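As written, the chain order gives the labels A, B, C, D, E, F, G and H, with residue 1 at the start of each chain.
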Amino acid sequence: MVTREQELVRTVVYKHPEALEDVQTHYCPGCTHGIAHRLIAEVVDELGIQDRTISVSPVGCAVFAYEYFDLDGVEAAHGRAPAMATGLKRVWPDRVVFTYQGDGDLAAIGTAEIMHAAARGENITVIFINNAIYGMTGGQMAPTSLPGQRTKSSPMGRDVKIAGYPLRMSELLADMDGAAYVVRRSLHSVREIRKAKKAIRTAFMTQISGLGFSMVELLSSCPTNWGFSPPDALKWVEENMVPYYPLGDYKVIEAVKALE
Amino acid sequence: MVTREQELVRTVVYKHPEALEDVQTHYCPGCTHGIAHRLIAEVVDELGIQDRTISVSPVGCAVFAYEYFDLDGVEAAHGRAPAMATGLKRVWPDRVVFTYQGDGDLAAIGTAEIMHAAARGENITVIFINNAIYGMTGGQMAPTSLPGQRTKSSPMGRDVKIAGYPLRMSELLADMDGAAYVVRRSLHSVREIRKAKKAIRTAFMTQISGLGFSMVELLSSCPTNWGFSPPDALKWVEENMVPYYPLGDYKVIEAVKALE
Amino acid sequence: MSAELMKGNVAIAEAAVRAGLEAYFGYPITPQTELLEHLSKRMVELERVFVQAESEVAAINMVYGAACAGARVMTSSSGPGISLMQEGLSYIAASEVPCVVVDMMRGGPGLGNIQPSQGDYFQVTRSAGHGDYHPIVLAPASVQEAIDLTFEAFDLADKYRHLVFVVGDGLIGQMMEPAVMPEMRPIRPRPDWAVSGKDGREKHIITSINLGAERNEAANLRIQDRIRVIRENEQRSLEWNIEDARILVVGFGTAGRVALSSVKMAREAGLPVGLFRPITLWPFPEKRLAEIVDGGIQAILVVEMNAGQMIDDVRLVVGHDVPVSHYGRLGGAVPLPDDVLHEIEKIAANIGLTATAMAG
Amino acid sequence: MSAELMKGNVAIAEAAVRAGLEAYFGYPITPQTELLEHLSKRMVELERVFVQAESEVAAINMVYGAACAGARVMTSSSGPGISLMQEGLSYIAASEVPCVVVDMMRGGPGLGNIQPSQGDYFQVTRSAGHGDYHPIVLAPASVQEAIDLTFEAFDLADKYRHLVFVVGDGLIGQMMEPAVMPEMRPIRPRPDWAVSGKDGREKHIITSINLGAERNEAANLRIQDRIRVIRENEQRSLEWNIEDARILVVGFGTAGRVALSSVKMAREAGLPVGLFRPITLWPFPEKRLAEIVDGGIQAILVVEMNAGQMIDDVRLVVGHDVPVSHYGRLGGAVPLPDDVLHEIEKIAANIGLTATAMAG
Amino acid sequence: MQEEVIFAGFGGQGVLFAGQLLAYAAMHEGKHVTWIPSYGPEMRGGTANCTVVVSDDPIGSPIVQHPGVAVVFNNPSMLKYEGLVKPGGLLVVNSSLVTATTDRDDITVLNIPATDTANELGESRLTNMILSGAMLAVRPMVSIDTLIETITAKLPQRKRHLLEINVKAIKKGVELAQQQLTPA
Amino acid sequence: MQEEVIFAGFGGQGVLFAGQLLAYAAMHEGKHVTWIPSYGPEMRGGTANCTVVVSDDPIGSPIVQHPGVAVVFNNPSMLKYEGLVKPGGLLVVNSSLVTATTDRDDITVLNIPATDTANELGESRLTNMILSGAMLAVRPMVSIDTLIETITAKLPQRKRHLLEINVKAIKKGVELAQQQLTPA
Amino acid sequence: MATGTIVINEARCKGCTLCTTVCPKGIIEMAEGRVNQKGYIPAVLVDPENQCTGCAICAVICPDVCITVYRDIPAAKLQPATA
Amino acid sequence: MATGTIVINEARCKGCTLCTTVCPKGIIEMAEGRVNQKGYIPAVLVDPENQCTGCAICAVICPDVCITVYRDIPAAKLQPATA
């Protein structure tokens, strides 16, 4: 006989997070931008900071991120999100300010801004979507495109003799004395997605605790411009990007370790 | 008795190099910009490349470097010397192109350009004069100013909580796959000056051999804006800058080692 | 040499290649990205220089370097990217080195959108960076014109050692039309003044700093002299139905092209309307415009895809002599022939012209 | 509130502090560096925000962020730096957030020099980035005016949620003059529309992207409407010896100030000359200028430290009704009173005015 | 003579290519022609459409507000363009996917089950050719022969094997249109 | 009344301060005044000079081509400004360092061995005060008393002990000028 | 073994198939011959045997947040206080 | 011990004193009571005892390339070929 205590109740264990608007995004089918959005929103919900968080959207496929987060938000010029976030954070030191940036945005045109935000130890959080391509403009080579990768502007494959080598931003930013938490995660599998969420949580906690600059780099897919199905695109992340961009913790200062 | 062979002949063992114009520079007394110029000119002379070398001057105290080198030269926008050098070198691949840049120029406004020139493995040479200050504009804080350093824009001393931490450019650029030779030297003593010259020579050789991006960072003095006598300024380099910016070889690829 | 159906952006890229382009530096931005993409393939094929820069700031400074080396060089962008190039453009102009910049204007200000616009007329004709100068600005209205003007832009740049803009808008860039490509020209030798290593001659220096007001004033006067010559010699425009016109429609690029449909409609309705389409935005074709206006124009309608920019140049020519009105669509909207026709009709009514009165 | 001898740059910085400046972001450049230096001390003392940015590009985007947060915010620069800010300025204008930008113009183009200039008139009044808009532009000619206009600039910026430029030149920035500082005002509360975290209200978004021509046209029309109101309400100018003048000298900032000496000299010589000095460069004080010209002006002399930029605005007002001539010094040179007087005399002779004829 | 045609549907339905093919054909017939895509947001997904203007005279405006012809491949396009076709114009509807209907009686409406027919031909990507054929059957701005010649010339080597079936699709489109206009 | 004075010399000779002191003094006398440095190249070293205009009326141009007074501290400044002083003007020369001479007879020339005198007073940095005193002895655009009051007010606390010697220097300058003008 | 179910917001689904590749029970499939309003083939739960464990793996990978996950949880665990 | 001398271009010298701090023989001094055309006190060689070795250390540190260094070298070493 089933006692009342043993009675099973059908309970929601996963639903759309509060901090995410209930609207359809413009992202392509299977694009991991959607996953990253969700993880951020979940973390904002869990930390209970929806009312004091400000998003800074990039120029890139995520240009409308502010429409999807149910948060106050601004839209920065291409690559300048860290500068804009600096302006916001300095005059609202008790708010949580994060930027959401693509690899063209952060690692090409915005190189100086991200490096100096980290050097200043700017107390902001950066979510860096590295999909090895310029998604929004239709698939040109990004600074992060892999050697040999075919794109619309490297049609014969990225030739390192002409176009140079990819930048590994987490490694570079970890070198900055002002950086408190810099890690690389991936969105190519459920396991990695879960780890990514944890890192995003730590990054936000780093900021809330006033410990300085935090960044989570997320290896991501662009099925449309890579020309793969969404599952194949995730496989490409795992097989090609992860070896080039090793996952791991590049900088975790002691005070952050204490948070984790 | 003195034989003809033993007879002593008074011979010039050091004179003004060919590749340096015989004019007075506008640099302040004791400023090490002058030493750096001389070393470059000596190397150009020794390598016999005066006729095919192109200088790219920065915006900074060295804005008129092109007037002092007896070389073809251009003057770049503030921080953009590596981009301008890229344009020159790509269309003149068999010429020797070098930039001469200050720390404001290279490590602040020009961060993106230097990082990407290195990432591309641009086959140019960069002489980077790190004097921990904006000399030309009268002594404001540079990205390289030391924590606590008093400048015209950090009158109470650089407060890392507000202004962040210095960038160590050699360390950062060494992380780039396109960089072939990245070293830090100093101009604070005769011994170090001699080492600096050797490094400049290797950097030029790296370029001539088509091995990719080369940079020599030179710790330098700015007696005027630091407010020290020239000898004290050199002492300050030794005692304060060298510990923060350790001298050494940050990246020397195998092919370059073979040159040395 | 038969016509091919070509997209404006690709046509411009290929025309540049045929004009002897040695080096291209650029950064992707809609609506000009196909231009960069075409060159990423073609330049590499031809063993010429193609570099996708890390930003528009870097791109224009790479152009500056290659231009100092005497190479035929080009970049391309749109609104936000052109804004980022302003400092570099000013250095290039001050240094008197030739180069070609393509600007496919999009709806501004800010990120705006990527629809066709002419909102950056002031930016390209008036300032293009700090300091006193005007670039030469060419404004095609069709793919064929885009080809022809791009091809010529390089010669103009060389001739005057000056910065030449080819400006279009999203429509010119994205539209396909039949057009004929010129033959491939050999790459021209690098000019004498170039920086190349001082092999066997006095050293060459290219710089834009001129300490002391006197020196910089002298440099500026040299630029102003050149600008005066350009203004004298290079004004260009096209015109339709001018002879007996009483109302003159003025518009460039896409707006001018749309206006042509309206002018034809108005003519069919018996209204004495003509069209004046500037090809050079700077120098503005003021001489020809003044002549036409003197020939009996009673009212002018300026049609632009902006809030009223070229209208200043028209008013500077005609003063208060003739009423000048504006029809503008903003932020990426394109005027429709019917709407322009409607404006023409209003003006006709205002100045007492009726279709019947003039017909026949 | 007694007068102090103050350097223009420092005076502007301190005036901003007293107007309730909450945050300053900037990058050093001559001839405005003392402004940044003063604030590096003062802002920190007052526990307000001072950040020396890594570049002007970063500085203007920091300003953009702080402006979105509703803070009173400012940056300052000169020629090359202002050029680098063009993209950010356009975003700020499109986003309709208030801020103040100080531009101490220097000799251009390119690196040019650091001597006083007015060569960026077009850049600040016409485009300041891509897209259709005009910033409000205030042009002081003395340290006191620099203080007063800076102080007011913040209120204008708030009132119209618009970008306000205070433009000077090396002279205004470097000169010391006795001047009186206003009292320190408390920092105003952040406005309702600011981005601050959506605590208990609908979320606030500040963006400049408007996909679709319709949306962006609507946004542009809103900006244009505001611009029309500003143009209607905010034209300002000063004038001297206008009543019986036959020749009108027009000049702003330092050029206008120098011209005042010349006008006085001309009056002493019996020539009926007046001076019109625009305080707002945009909106250009066209209404008052038109009135003055209607009052019997027979010729106009525009004096500028450039190759002829504001003269377009003068000619747009007067058309061909009155001859307009230009006296300009370029690239950092400053006109001298004697030279301007000489120009006045030439014009007087041209239009048949002689000192004796008019004296008495 | 000037004809303006809007092709509208999803990205991936061959909408842009249908327009380009018409433009090439018109060019080969010596006509003036412009083709322009509505290059939407700087990002993937969403709808795709293009406008082709074919004229005996130089073309003023390459974009039109009220096209003479609209060829709609899906529901969103139907909703957007049905009302914009100018009176006396033609609306070609891919009735396999479009469920919305029009109540306009001032235009000709062709309901062509193009996707179903394409699937029957064994290749859903022929939807665009069927609709093009149908459209030209009613508005012969270029001849069907020219269209077929053009596709013959344009099909890249690696797609050669699809030529026959493309031609078949075009002809099928013509047939379906004629059936619908001439009541059986 | 309007007086224009150029002070010119090396950086470090107190040239700019001499100008500012005059400007402050003029301000305290209720006059209109402007002070402007010739802010040379964006870099150190070289010459320094400044222009002070003192006037009863609002000042038009703060810079002048032909000053009424030039105070030259060194040779290069002598060469540059000697010819620019307007006829009837005054040239004050630091004869300790300036070896060049002038042959103009349309201006008053004061040769003041200021650096030597300053050294005699035990502080070479008093050169500027000596020259200022000499200048005002001939062109009393502000009174010596005001100048002394001004320096008394302006000298920062940590330089207080130098007040007396500064005042002495000013008076010495006046004295030297008077000696020179009134042949003994 | 835990039991549960999921509800897929079909209108929001973009048919990317990612959920189908990760479900440990293999009970998510793409709908056949059906497209949603946006023209995408939606994913559907095909779970006649109630195999779904409510593990939420599908939800974790869904880029469009289309999946709501339910799990059958003992009442005791749910309301420990009031139990 | 090698012998030599230096010639200082006094007009070019900026009086920075660096050479005086490095000469191992301590034979460079700043001129007294004398400035050059630019107003700088120049460095001068004070070497009555011919102590200079021509080691060029002074030249290596001189930022203004004012110093020409001579060393007395055996003729043999100079022209080995023709010796």
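Quick note on the criterion: a residue touches a chain if its C-beta (ideal position, glycine included) is under 8 Å from a C-beta of that chain, and two chains touch if they have at least 3 such contacts.
Fair warning: this is a prediction, and the values are worked out from it, not measured in the lab.
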item	value
Chains contacting each of subunit A and subunit H, listed by label	B
Selected pair, greater C-beta contact count between A-G and A-C	A-G
Between subunit E and subunit F, centroid-to-centroid distance (C-alpha), Å	87
Mean-CA-position distance for subunit G and subunit E (Å)	40
Subunit G, residues touching no fewer than two other chains	none
Sites on subunit A at which at least two other chains make contact	27-29, 31, 63, 75, 77, 108-109, 111-112, 115-116, 120, 137-138, 143, 163
In subunit D, residues with contacts to at least two other chains	30, 51, 54-55, 57, 80, 87, 91, 95, 110-111, 207-209, 211, 334
List of subunit H residues in touch with subunit B within their complex	3-5, 11-12, 14-18, 21-22, 38, 40, 54, 56-57, 59-65, 67-76, 78, 83
Of all residues in subunit E, those that touch subunit G in their complex	10, 74-75, 97
In the complex with subunit F, residue positions of subunit H that touch it	35, 37, 39
Contacting residues of subunit B [partner subunit D, same complex]	59, 63, 75, 77-79, 104, 108-109, 111, 134, 137-138, 140-141, 143, 152-156, 159, 162-163
Subunit F-touching residues of subunit D, taken from the complex the two chains share	3, 5, 30-31, 114, 170-171, 174-178, 257-262, 264, 334, 336-338
